[in-house]
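Down below are the structures I want you to see.
Okay, so chain A shows up in both of these, paired with chain B first and chain C after.
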Partner chain A sequence: MQGWLAPRYLMWLGQGFGVTVGLALAAAVAATAAGSALAMARHARYRPVRYAAGAYVVAFRNTPLLVQLLFWYFGVATLLPEAVMQWLNTPHSVHVAGLAVHWPSFEFVAGWLGLTCYSAAFIAEEFHAGLRGVPAGQHHAAAALGLTPLQAFRYVVLPQAVRISLPPLFGQYMNLVKNSSLTMAIGLAELSYAARQVETETFQTFAAFGVATVLYIAAVAVIEAVSHVVAHRRDLSFARR
Partner chain B sequence: MKSRTLAAWLLGLMVTVSGIAHADRLDDIKEAGVLRVATFDSNPPFGFVDPATNHIVGLDVDYAKALADKLGVKLELQPTNPANRIPFLTSNKVDLVLANFTITDERAKQVDFSIPYFSSGQQFLAKKGVLKSPDQINSLRVGADKGTTNEITLREKFPQATIVAYDDTPFAFAALRAGNVQAITQDGPKLVGLLASVPDKQNYEIPPFTISNDYMGVGIPKGETRLTAFVNETLKGLEADGSAGKIYNRWFGPQTKTPLVRIFKIGDKT
Partner chain C sequence: MQWSLFVNNLPYLLVGAFPEGPLGGAALTLVLALSSALASAVLGMAGGIALAMAGRVVRVPLLLVIGFFRAIPVLMLIFWTFFLLPVMFHINVPGLAAVVCALSLIGGAYLAHSVHAGILAVGQGQWQAGLSLGLTRMQVLRYVLLPQAIRIMTPSFVNQWVSLVKDTSLAYIVGVGELSFVATQVNNRLMVYPVQIFLFVGFIYLVLCTVLDRVATYWLTRSGRAAQASVRSAAQPVPGE
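Let's look at the complex of A and B:
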C-alpha cells in the first residue's frame, strides 16, 4: 500500500465531484422540462408537431452521447462567430445581492447542453410511456363525468401517468450522473477527469479511481433514496384522499 | 576480409592487454580508423532511413559524421532502439551513441555524456500574434494532453492559467481551431510535426520560447575522459564555425517541412 491520497488530491476529487453534481442537477432540471414538453408534443393534435417530436427522440436516442458532446463542443464552436466564442471562453461574473455569480466555462455549457438534449429524449419516452399507460377507459370516464379535455388530463390522466413514469424517471437521473463522466472528453473537470488527473500525478491508481467510484455510488444511492421517499409520499397522499 | 577480422581481433587483444595500463578509446578509434556510432533508424528527423538512398540520415547522423571527419576516420553506423543505447556502450559494441539521447542523472550513472548538442522543450502553439512571452500564459486558456508531463509542468509553472486537458493532441488542436483554448502545449518537435499537415498553417505559430527543456548529448563510455573532451571540443568548434547551425537548418530550418526556430545553441548549457 502506497499510503493514502494527499489532501490536495482529495480536494481535486472533491471539486470534480462538485462539478459532476452541479452538471447532473442542471441537466436533470432542463432535461425534465424539455422531456415533458416533448412528451406533450408527441400527443399533440397536429401531426407535424407529433412527427417533429418523434424525429427528435429518434435522432438523440440513437446516436452515441460522446459523439453528441463532441458535436456541441467542437462542431458548434466552429459555426459560431469568433466574437461569440471569445465571450463564451472568457470568465464573466454577475454580482447579485453581494454574491458573485460566475458564468460557467464553455466546457460546462457544452456538456450541459449535450447531456440535456440526450437525456430529454429518454425522459420524453418515459413520460410518453406513462401517458400511454393510463387506460383509455379513464379518458372516457372523465369525459362522461363532464370534465373538459384539459381538466381530464390534469386531474385524471396526469396523476396516474406520473405514478407510472416516476421509477423509470429516477432511473434516467441515475444514468445522467453516470453519463456525465463522458464530458471529460471535452475537457470538463468533473469527477472522472479529476480521478485521471490525480492518477497521473500520484500513480496511486487504485486510490484515485476507488474514491471516484465510491463518490459515484454515493450520488446514485442518494437518487435512489429520494426516489423511494417520493414514491412513498405519493402513495400516502393518495391513500389520504 | 578474414585477415582483417584477425587483425582487428589481434588489435583488440593488444588493446585489451595494454588497456590495463591505459584505457583510451580515442587512440583505439584512431588506430582502427573507424568510429562506431549507434543512431536511430526510424526516428525522423534525428535518425531514419532515407527511402531514396537506403542510408541512415538525420540530425544525429550529421553530428556523428562531423565527429568522424574531425578524427579523420570512417563512420560506421549501428542502428539501435532506445533500450539498447546503454548496453551498446557498456558492452563496447559502439564508441558513441548519438540517438536523441536525453541526459538524465539515472543514465549518467552508467554512461558519460558530452555537453548537450540539441534541446527539445515544451512549447506552445497559438494563433498568430496571440502569445508573445511566457508571462501571458497565466491569463490564457491552454489545452494540454491528458496524463502527460506537459500538463503537470504547465500547472506547476503557471498556476493561474486555465488548463483544459484533452484525450490527445489532435483533440487539443481541434479545440484551438474552434477557439475553445487560446494555445496548446506539447514538445516543440511534436508541435511542428502537427502543424506540418495543417492546411491553414500560416495562421498559427510556435512562439520561440520553452518552459522546460530536455537536453540531448552524445553518450560516451564511462571514464573515457579524453574521448569526452574531444567530443565536447568538436561540438563547440561546430557551433563556432557555424556548422551546427547548418546541421540544424537542414532538419528544422525554414525550408524544411518542420520549421522550428533554433533557441538552444551548443555551449548554452554544460
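Let's look at the complex of A and C:
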C-alpha cells in the first residue's frame, strides 16, 4: 500500500457517491409510490386486479435485479421508437432560475426504472403485510362507529398499518442503496463503478474499495438513524394525543 | 424472431460450452447457488448459535462483523474477495471461489440473525426445563431448542436461499460464465433480440427460484410433519389394551 489516493481519485469516488445517493433517493420516492399502489391493488375488490398485482410481485421478486437492469437497458432501447431513443441519448438541459438542470443519461434512467420496478415489489409486500397486520376487529369497530369504508381505511387502518410496516420499509431503503451498486453493470458511473475505475488506474485496491465500502456503510447507517428518529417521533406524537 | 437462432443458442444458455468446455449457463448458476446455500447455512448456524450461547466478550465483535457484512452491497464483497485476497495472500483466487465465498459470507450473516431469533423464540422455559433435567447447555441446544427452532427458522432460510439464487447473477461482474454472463454474450453475438433473451433468462431464474422455494419448504417442514404424525399415532389407544 503506497501512500493514499490522490485528490483526483477521491473526487471520482465522491462523484460516484453522489450518483449513488441521487439514484437511491429518486428510486426510493418512486418505489414507495408504486409499492403503495401495488399494495392497494392487492386488496382491490376486483379479482383480476388482485391477481395482476400478485403476479407482478412474484415475477419481479423472483428474478435477479441484474437481469432486469440488462432488460431495461438493452431491451427497451430496441422497443422504443428511434426518435425517442435519440432524444434520450443526447444531452438535454433546462435552465431554471440561472441553474442548468441536466436531463440524466439513458443509463441513469434505465437504472432508475429497473431499481424502482424491483423495489416496488418488495415495498408492496411490506405494505401488504402491514395492512394484513391490522386485526379484523379494527375494521368492524370502525364500521360500528359509523365510519364509511374510506374513512375507516384513512383514520383507523392506515395509521396502524404504517406503524407496522415502517421498520421493514427502512430496511428496503437500505437494500435500495446496496442494490444501486448493480447499475455499474449497465455503465452508470456510481460508487462501485468509480471504485473499480480508481482501482484499475492506481492499483491501490485496498484504498479504493475501502473508501467505497466506508461510504456504503455510512449511507446505510444514516438510514438506520433516520428510521430510529422517525419511529421515536411517531411514538411521541401518539403519546401526546 | 428466427426460431432457429434461439434454438441454436439454447444449449449454450443452459449448460455453457459443456461437455467440450467448462460448465456454464443455468447449470453453473445452480452449482453456485447450491454450494453457497450450503456454506451460508453452516455459517449462519454457527453464527446464530454463537450469538445465543456466547458472553458479551464474543458477542460484540461478532455482531460488528455480521453488521459489516449486512451493510455492504454483495457486489462490494465480491470485489473484496476477488481483488484483495490475491493481493493479501499471493494466491490466485478463481472468480468462482471468490463469488461463492462472498455469497456465503453475506448469506451467513443474514442467517445468523434468523437462527439467533429462532433460538430466542423457542423461549426461556425450554432452556430451564432442559437444564433442570440435567442436560448440559450443548445438549439442551441440540436436543431441545434446535429441533423447535428449525421450524421457526424455515421461512427465513428459504427466503435467503432464493435471494442467493438471484445474487449468483452478480458473478457476471467478475467474468464467471453463469446464466447472466452467458445471456449477455448471446445478446452481444445476436445483437437484435435483447428483449426475448432477457425475458427468457428472467423466466429461467423465476422457475429456479419458485422450484427452490417449494422444494426447500417441503424438505424443511418434512421432519415437523413426521413428528406430528408420530405424536398422533402414539396418542392412539393401543388395541387390546
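Note that the second predicted complex is superposed on the first by the 241 of 241 C-alpha atoms of A that agree within 3 Å, B and C clash if a C-alpha of one lies under 4 Å from a C-alpha of the other, contacts with A are read in each partner's own complex, and residues count from 1 in each chain.
Just so we're on the same page, a contact is a pair of C-beta atoms (placed from the backbone, for glycine too) under 8 Å apart; a residue touches a chain by one contact, two chains touch by 3 or more.
Predicted model, so just to flag it, every value in this text is computed and none were measured.
Aligning the two structures on chain A places chain B and chain C next to each other without any clash.
Shared-chain residue A:F209: touches chain C; no touch with chain B.
Of the two partner chains placed by superposition, A:A225 touches none, neither chain B nor chain C. By the touch criterion defined above, A:A33 reaches neither chain B nor chain C. By the document's definition of touching, of the two partners only chain C reaches A:T63; chain B does not.
Partner contacting the larger number of chain A residues, of chain B and chain C: C.
By the touch criterion defined above, A:A44 lies against neither chain B nor chain C after alignment on the C-alpha atoms of chain A. When the two complexes are laid over each other on chain A, the CA centres of chain B and chain C sit 70 degrees apart as seen from the CA centre of chain A, to the nearest 10.
When the two complexes are overlaid on their common chain A, residue A:F106 makes contact with chain B while staying clear of chain C. Of the two partner chains, chain C is the only one that A:K178 touches; chain B does not reach it. When the shared chain is aligned, chain B comes close enough to touch A:G187, but chain C does not. Legend: residue contacts after superposition of the two complexes on their common chain; A:F74 is shown touching both chain B and chain C.
Chain B and chain C never share a C-alpha pair closer than 5 Å once the two structures are laid over each other.
On chain A, the patch touched by chain B and the patch touched by chain C overlap at residues 74, 77-78, 185, 196, 199.
Residue ranges of chain A in contact with chain B, taken from their complex: 73-74, 77-78, 82, 85-86, 89, 105-107, 185-187, 193, 196-197, 199-201.
Touching chain C in their complex are the following residues of chain A: 58-59, 62-68, 70-71, 74-79, 174, 177-179, 181-182, 184-185, 192, 195-196, 199, 205-206, 209, 212-213, 216-217, 220-221.
Taken together, the chain B residues at the contact with chain A in this complex read 141, 143, 146-148, 151-152, 162, 164-167, 171, 174-175, 177-182.
Listing the residues of chain C that touch chain A in their complex gives 68, 71-76, 79-80, 83-84, 87, 162, 165-170, 172-173, 180, 183-184, 187, 192, 194-195, 198-199, 201-202, 205-206, 209-210.
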